[in-house]
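You will see two complexes here that share chain A, one where it goes with chain B and one where it goes with chain C.
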Partner chain A sequence: MSDRDDRAPSDRPEVISLSFPARADLVVLARFTAATLGARAGFDVEEIEDLRLAVDELVVSFEAVQAGGTVQLECTQAGGEVTITCHVEPGGPPLASRDVGGEELWGADGELSKQLLDALVDQHGREHTERGPSVWLKKRRANVTR
Partner chain B sequence: MVVVEGEVDLAVAPALRDGLEALLAEGHATLYVDLLGATFLDSTALGVLVTTREHCANAGGELHLIVREPRILKVLQITGLATAFPLHDSLDAIAGNTSGDESTTP
Partner chain C sequence: MTDRAARGDGLDRFRDLTDTQDPRVRDEVITSHLGLAHQLARRFSGRGEAHDDLVQVASIALVKAVDRFDPERGVQFSTFAAKCIIGELKRHFRDRGWAVRAPRRIQELYLEVGQNLDRLSQELGRPPTVPELAAAIGTTEDAVLEAIEAGRGYRTASLDAPDASSQTMADTLGSEDAQFGHVDDRSVLGAALGALPERDQVIIRLRFIDGLTQSAIAERLGVSQMHISRLLAASLKQLRASFADDQETLDA
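Up next, the complex of A and B:
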């Protein structure tokens, strides 16, 4: 048995790359991954819950301007900070499928999503990269200063 | 009354919307959403509640939320909606006031 505690926060960068079809019922995978990384970064329960909701909003808000495809998340934690970048490879059915309600749902909540992200994370934004548009967030553990 | 349990996200929001719209279509102007069993609420679900609240108001009624979970109350507070809905922390608080069929989502 090793003395090493795998749950202890680590200063070594840890990266999780996650790829899943842009389907509403799979957004839970993003929440699960974010929660796991938040725990690895030493977040407390409230910070982990904030991160779970924030990554949900990140994916959902990004999908509002996308036409489906494959969601690709790059999640990094180092030194008590979690960074998550979301990119969507085009193609396939949209996340907001006909059964989900499509534009009617999206139209109602874009501003709500932004309000939540503003409150839950330290920084978030959108940018255009060579892979296309992406959205990202950064959240630091409460007792970490930069 | 619509009873919502578990994580209410993009995947569940349509069922919530359908349940509430069905009650409105039956002529109920005032609706109750029981969120006591809900553990997570994102902006898509919140959007459904906001839209339904407007429909209720247009029909001369209100949309009441029964909620006690701190995480969900926090979402309502962040978005400035904690005062937009009549909130109750238990079913006892609304006993005798509910109308319409009861459905559970998801």
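Up next, the complex of A and C:
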């Protein structure tokens, strides 16, 4: 059995792009992709579990304000770090009660998501891009310099 | 009339039932043994199934037992009925343990992952990687990842069974309750926790407010890390749903 320090995750970025309807039952696709990249990055099982929970949070919180849209997910693994960026292409009207032009875009549970992600990943954020709003996270394997 | 006879346990009542097929006698015998069904249902409570559901399963098993009982075999009805009811309750857990039916291969692999995860964590002094788990089990990394994902389909609250914990979560969590007071409940998360059962609140607090790792929580509560992982996933799902409901109410 190899010692953990002997693990040598590839430094060459591996990028997986996913696109799927914004439905909670399809988040499994995002979880599985993230877990696979986490394994390739040399994460231990617990780090992978945290990453899976974080991806749930990332996608589900977005799905809640963009029902009917399409989730665009870009997952990158390099040098023991996994980065996941989530963007949702609107495919239907946002929930009527939400103001999608302002901070409410992130959902009323944004603060809750932030608190959960704080504990699960190394970095995360939300930003407005040319493609619209996106959320992202980064998680590094524990013995990589933070 | 003895107590047993009074509650219809006497073989005479069953002979009457066999002879007459009188539905009133049948009802009387069933009713007089409902306490047994409740008692056995209670023994299976706290494993993730609603107590009312267990009582229903036990009661249906009791009715079947009454219909199948042969008074000429010389066995007390209560003994026969208890065996039938326990068997039915066990079948219920076996069939309902997986909320999303996973192939047997994956179910078995999932249990193997759990067992090896605990063992390797102890041996290595840290959680194992996926390649290490796969090597220990003799399977592929993909299969391990598939099994971990499939674990989401296992009912979180019935985890005592596969993990074979010697004590229940409720027993273990009792000592944590007293520490609730030190947590800052003014955070969004703290305020949202009220939507969860007490057990899940403890685990969420330990992970997201106190900042303990899954392994540390598992060690503290005397259960496996996979157990904690499943509970966390289910609790967060419930938390989100509850939060969304509350928000829709406020918006309305």
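The rule we apply is simple: the second predicted complex is superposed on the first by the 115 of 146 C-alpha atoms of A that agree within 3 Å, B and C clash if a C-alpha of one lies under 4 Å from a C-alpha of the other, contacts with A are read in each partner's own complex, and residues count from 1 in each chain.
The working rule: contacts are C-beta pairs under 8 Å (C-beta built on N, C-alpha and C of every residue); 3 or more make two chains touch, one makes a residue touch a chain.
This structure is a prediction, so every number in the text was calculated from the model and none was measured.
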Touched partner set for A:A35, first chain B, second chain C, both or neither: second
In the superposition, chain B vs chain C on chain A residues touched: C
Contacts of A:D25 with chain B and chain C, given as first, second, both or neither: first
Which of chain B and chain C A:L137 touches, first, second, both or neither: neither
Contacts of A:V88 with chain B and chain C, given as first, second, both or neither: neither
Which of chain B and chain C A:L58 touches, first, second, both or neither: neither
Touching partner for A:L116 - first (chain B), second (chain C), both, neither: both
Partner chain(s) touched by A:E49 [first = chain B, second = chain C, both, neither]: both
Residues of chain A at both interfaces, chain B in one complex, chain C in the other: 28, 49, 52-53, 56-57, 60-61, 108-109, 112, 115-116, 119
Chain B residues touching chain A - in the complex, by the definition given at the top: 7, 9-11, 13-14, 17, 40, 42-44, 46-48, 50-51, 71, 75, 78-80
Residues of chain A touching chain C in the complex: 1-2, 4, 7, 28, 31-32, 35-36, 39, 42-50, 52-53, 56-57, 60-61, 64, 97, 108-109, 111-112, 115-116, 119
Residues of chain C that touch chain A when the two form their complex: 117, 124, 126-133, 135-136, 141-142, 145-146, 148-149, 152, 187-189, 192, 207-208, 211, 213-215, 225, 229, 232-233, 236-237, 239-240, 243-244, 247-248, 250-252
Chain A to chain B touching residues, read off their complex: 24-25, 27-28, 49, 52-53, 56-57, 60-61, 95-96, 99-101, 104-106, 108-109, 112-113, 115-116, 119-120
